[in-house]
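First the structure, which I've put down as C-alpha cells, then a few questions once you've had a look.
We just call them A, B and C in the order they show up, numbering each chain from 1.
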Amino acid sequence: MTLLGFLVLIAVAAIRLRDLFAVVMLFGVYSLLTAALFMNLDAVDVAFTEAAVGAGVSTVLMLSGLHLTSRWEQRPKRSPLLPLLVVGVTGAVLVHAMLDAPFVGDPQAPVQTHVTPYYIANAPVEVGMPNMVTAVLASYRGYDTFGETVVIFTAGLAVMLLLGIQQGTHNRPGLNAIGDQLVLRSVVKLLVPAILLYALYVQFHGDFGAGGGFQAGVIFATGFVLYDLAFGEGDARTVVPPGWLHRLAALGVLIYGGVGVYALLAGKPFLDYSALSADPVAGQHLGVLLVELGVGITVFAVILTIFYAFSGRGRRA
Amino acid sequence: MTLFEHLPVLVVIIPLLAAPLCVLLDRPVLAWLAALLASWATFAATIGLVAQTASGETISYYLGGWAPPWGIEYRIDTLAAYVLLIVSGIAAVVMLAARTSVAKEIPADRAARFYAALMLAMAGLMGIVATGDAFNVFVFLEISSLSTYALISMGRDRRALYAAFQYLVMGTIGATFILIGIGFLYMMTGTLNMADLAARLPAVSNAATISAAFAFLTVGIGLKLALFPLHLWLPNAYAYAPSMVSVFLAATATKVAVYLMLRFVFTVFGHEFSLEQMALHYVLLPLAVVAILSASLVAVFQQDLKRMLAYSSVAQIGYILLGLALMSPEGVTAALLHVFNHALMKGALFMALAAVMWRVGSVQLTDLAGLGRYMPWTLGAFVIGALSLIGVPLTAGFVSKWYLVTAAIDAGWWWLIPVIAVGSLLAVIYVWRVVEVVWFRPPNPALVDQREAPLSLLGPTWALALANLYFGIHADLTTGTAETAVASLLGGLR
Amino acid sequence: MSDLPGIYNYLIVVFLMMAGFYVVISQGNLVKKLVGLGLFQTSVFILYISMGNVIGGAAPIVAEGVTVYSSPLPHVLILTAIVVGVATTAVGLSLAVRIHEAYGTVEEDDITAQDRADDETVGTSSTKDAAANATSTEDAR
C-alpha cells in the first residue's frame, strides 16, 4: 500500500515538473518501486527485469536522449481540457471494468483456475525445471519469446538506421572517459569482472532461480558500458568491436530461429525441443539453454549498439 | 510432418529469418536478393495455404508442439489465408521494384538494414494474421510497428522523422490499449487462446470487465487501422515515407488491422455480443460515413499526391467499415472485397508515384504539369488505378462498391447510397485534378528530356494495374473466396 | 499486497495508468511524451502482475513445502511487455534526437510552426529539407 502511495506521488510530480532531468530520474525511481511491488506480488523474474530494464536501461537511455536534446520543457500553450476529457472517459471505463473484476489474490479467479494449474502441475515434470516462469517463457510460450527477441533486434535495427553505427574498431583509449579519477577506475576494474561473472550465472541459472538470457544480456552489456564510461573508448571496444555488434544481434536471432528450424527439419513443429534429444526432458533442457543463449546474445549486442549510437551522437554534437 | 504441414509457420518465419540474414549480408544487392527470394517463397507458401483452406477448412498448428491453450497456436482459416495472400503478394511485387527505388532514395550504407526492416514489417503483419493467440498478436504487432516507424523515418524530408514519431506515439497508445483489452479478457477467462476465449466468454459476457475489454480492443485496433477520428497519424506517415514503404504500408498495414478487428469482433467476442450487447455497428456507421465524406473532401485540396492518396485511404477505410457496420453477410463480404481491391488499387497508385518520384524527384502536383507526355506508361497505369479507386465498371473497385451498394439496399439503408455516390464523385474530382495537370497542361520546363521510368518500376506498376482489371472482370475469384471466408466467420448469422 | 483485499489496488493502478496516459496526450515535449508512455505501460504491468497474485502464494519456483504458487503466466507476458516497452523507448528517443538535429527543438508547437512556415514557401523548402536531412545522414555514417 505504501509502495502504491509513493507511485501515485511520483506520477503526480512527473506531470507537474518542467525539469525533464528530474522527470526522468523520477521515472527511474518509479520503475524501481514497481520492481519492489512485483517482489511483493511474488513476481521475482519480473521484478529483476523491471529493475534492470525500467530503472536501469530505460532511465539511462532517457538521460542520453535528454543530453542530446534539451533539459527544460516549455510551458505548454494548449488547453488541457481535451486531454483531461479523454483521460477522464478512459479512466471511467477502467474503473467500471474493475467493479466486476476478481479481487487481487482471489484463489477462485479464472486466472488461477484455468491454464495456470496445468503449468504448475506439469511444467516441472514436462520441461524439467523448477522455475515455472522460465519453463513457460522458453518452452510453452517459447514462440512469444522468439517474437520478443525479434522485437529487441528490430529496435536495434531501428536505432542503427536512425543514428548510424560505428564501423570497425575505434580504439581511442581515454576518449570520452568520465575523467581521470583513480578511485572510480579502481572500483570499476574490480566491479566489471564480477558483473560479467554474475551475468553468466544469471544466463545459465535461469532454470532454477530468477533470471535468463534477457537479464543476463542486460547485465553483460552493463559491464561493457561501465568500462567504457570509466576508461573511454578503449579496450572494451577491442574485445567487442562496435562494427560487429549488428552481426552479433542478427546471430542471436538466428540461433533462436535455428533451433526452431532444426525441429522443423526433424519433422516436428517449429521450436519443438523434443526434436533435440531422444529423451524429451533432456531435449527441453537443451532447447531452453540454446534459445536463452540466443536471447542473451541479441540483447547484449542491441543494448551495446544503442549505447554506442547515443554516445557517438553526443560526441559529434 | 511434411513440409506442406509446416506452411502456417513458414509464411511467418521465412521473412522473419530473412531479416537477420539481410543484416549479415550487409551489401545492398545481396540483401535485396535475400529479401526478394524470401518474399516470393512466402508468397508461394501462402498460395499453398489458400489452396488448403479454399473450401472453408481451418488449419491448426501447435508451436513448440504444445497444444493450446497451454501453448501458442497458429490458426489459418479462409479469411486468414486471404489476408496473408494480400500481404505476401504485395510484398513480393514491392520487392521486385525495391532495388531500383531504394538505390535512389536510401543511402547505400543503410540499404541492407532497410531491407531487413522491410522483412520484419512483413513478418510482423503475417504473424498477426496467422496467430490464434491473443497475446501473440501483441508481440507481432510490435514487430511490425517498430520496424514501420524506422522505415517511415527513412524518408528524405525531415517531416518523415516527425511523422514517424507521431505514429510511434499513437501506435504505442493503440498497442497499450490492446494490451489492456487482452489483460481484461485474460482476467475474466484465464486463457489467451482465441478459440478457448470464444468458448469461455459467453459465461462471463455480462461482466463490465468484458465490455471494457471490448472497448479497449476496439479503440486500440481503431488507432492502428486509422479509424476516423483516430487517423491523424496516417497522412503524414504515408506521404513522407520512402516510396517503397508507402506502397507496402498503404496496401497492407491497415488491411491487417481490419482483419484483427474482424477476428476479435466475430471470432473472439462473437457477433451476438459485439452487435446486440455492444451495438458496435451504431458506433462504426457514423464514423465510416464521416470518414468517407470528410477525408475525400480533404484529398481534393492536397498538392502532394502521396498525401492525397493517403487521405483517400482514410476514406476507403470508411467504405470497408461501412460494409462491416452493415453486419450482414453481404456487408462483411463487401468489406472483405474492398480490403483486397483497395490493396490492389493503392498498390498500383503508390507504385506509379514511386516511378514518378524516381524520375522527377517530386510528387507535388505543380511540378508534374505535362508529365503524361514523357511518362505515358507510368501515368497510364496511374489512371487505371484511379479508375478502380472511383469504382468504374470493369475495374476491381467497381466490384466491391457494387457489393456494398447491394448490401446497403438489402439492409434497407437506402440513405447510404448517396453517401457512397458523393464519396465516389469526390474521388472523380481529386483524380481528375491529377489527370488534367499531367495530361492537359503545357509541360513544366524542368521536365524536358524526362523519359519513361525503368522497366523494374514500370513492370510492378503495370502488374498491379492489370490486376485491378483482371479482378474487375473475373470477380468470381475474389467474391467466391470472400463469401467462403464470411460464411465460416459469421457462422449462424444468416 | 495480499494483505489488502478488494479492488482498491486496482483503482490506484487505474489512477497510475491514467496519469501516464495524460502525460502522453497533453504534453508537447517529445521526450516527456516518451516518459509518459513509459509510465502508462509500467502501470499496465502492475495490473497484469496483480492478476497473477494469489493469497498465501509463493513465487512460481518449485520449493519444498510450498503448495500454492502465484500464476507464472502473467509474469511471462509482462517480461515480454517490458522488453517491448524498452524497445519502443529506444526507437522513440532515437527519433527525438534526429528531430532535434533537424528542427533544433523537441517541442511539438515549434515543430508544427516550422512545418507550417515551410508550407507557405512550397518549392524552395522541399529541396532545403532534403539537403538538411541528407547532411545529417552523412553525419551518421
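Simple rule for what comes next: contacts are C-beta pairs under 8 Å (C-beta built on N, C-alpha and C of every residue); 3 or more make two chains touch, one makes a residue touch a chain.
Remember, it's a predicted structure, so these values are computed and weren't measured experimentally.
With chains as nodes and touching pairs as edges, the resulting graph is complete, every pair of chains being joined.
Which two chains touch most often is answered by the contact tally, and the pair is A-C.
Rounded to a whole number, the gap between the C-alpha centres of chain A and chain C is 14 angstrom.
Remark: chain B and chain C have CA centroids separated by 26 Å (rounded to whole angstrom). The distance from the centre of chain A to the centre of chain B, with each centre set as the mean of the Cα atoms, comes to 31 Å. The set of chain C residues touching two or more other chains comprises 17, 21, 25, 30, 51, 73-74, 77, 80, 84, 87-88, 91, 95-96, 98, 141. Taken residue by residue, chain A touches two or more other chains at 94, 98-99, 101, 109, 111-112, 115-116, 119, 141, 144, 147-148, 151, 154-155, 158, 162, whereas all remaining positions touch fewer. Annotation for chain B: residues 135, 139, 142, 146, 149-150, 153, 180, 186-187, 192 touch two or more other chains. Those residues of chain A that touch chain B in the shared complex are 93-94, 96-102, 109-116, 118-119, 139-144, 147-148, 150-151, 153-155, 157-158, 160-162, 246-247, 249-251, 253-254, 257, 260-261, 263-264, 267-274. Here chain B touches chain C in the complex through residues 107, 109, 135, 138-139, 142, 146, 149-150, 153, 156-162, 164-165, 168-169, 172-173, 175-176, 179-180, 183, 186-187, 192, 303, 362, 364, 366, going by the rule given at the top.
Note for the complex: chain C touches chain B at residues 17, 21, 24-25, 30, 33, 37, 40-41, 44, 47-48, 51, 73-74, 77, 80-81, 84, 87-88, 91-92, 95-96, 98-99, 102-103, 111, 115, 122-123, 126, 129-130, 132-134, 137, 141. Across the complex, chain C meets chain A through its residues 1-2, 4-7, 9-23, 25-32, 34-36, 38-39, 42, 45-46, 49-55, 57-63, 68-80, 82-91, 93-98, 100-101, 105-107, 109-110, 139-141.
Touching chain C in their complex are the following residues of chain A: 1, 4, 7-8, 11-12, 14-15, 20, 23-24, 27, 30-31, 34, 37-38, 40-46, 49-50, 53-54, 57-58, 61-62, 64-66, 68-70, 73-74, 76-78, 80, 83-84, 86-87, 90-91, 94-95, 98-99, 101, 103-107, 109, 111-112, 115-116, 119-120, 123-124, 130-133, 135-137, 141, 144-145, 147-148, 151-152, 154-155, 158-159, 162-164, 167, 208-210, 214, 306, 309-310, 313, 316-317.
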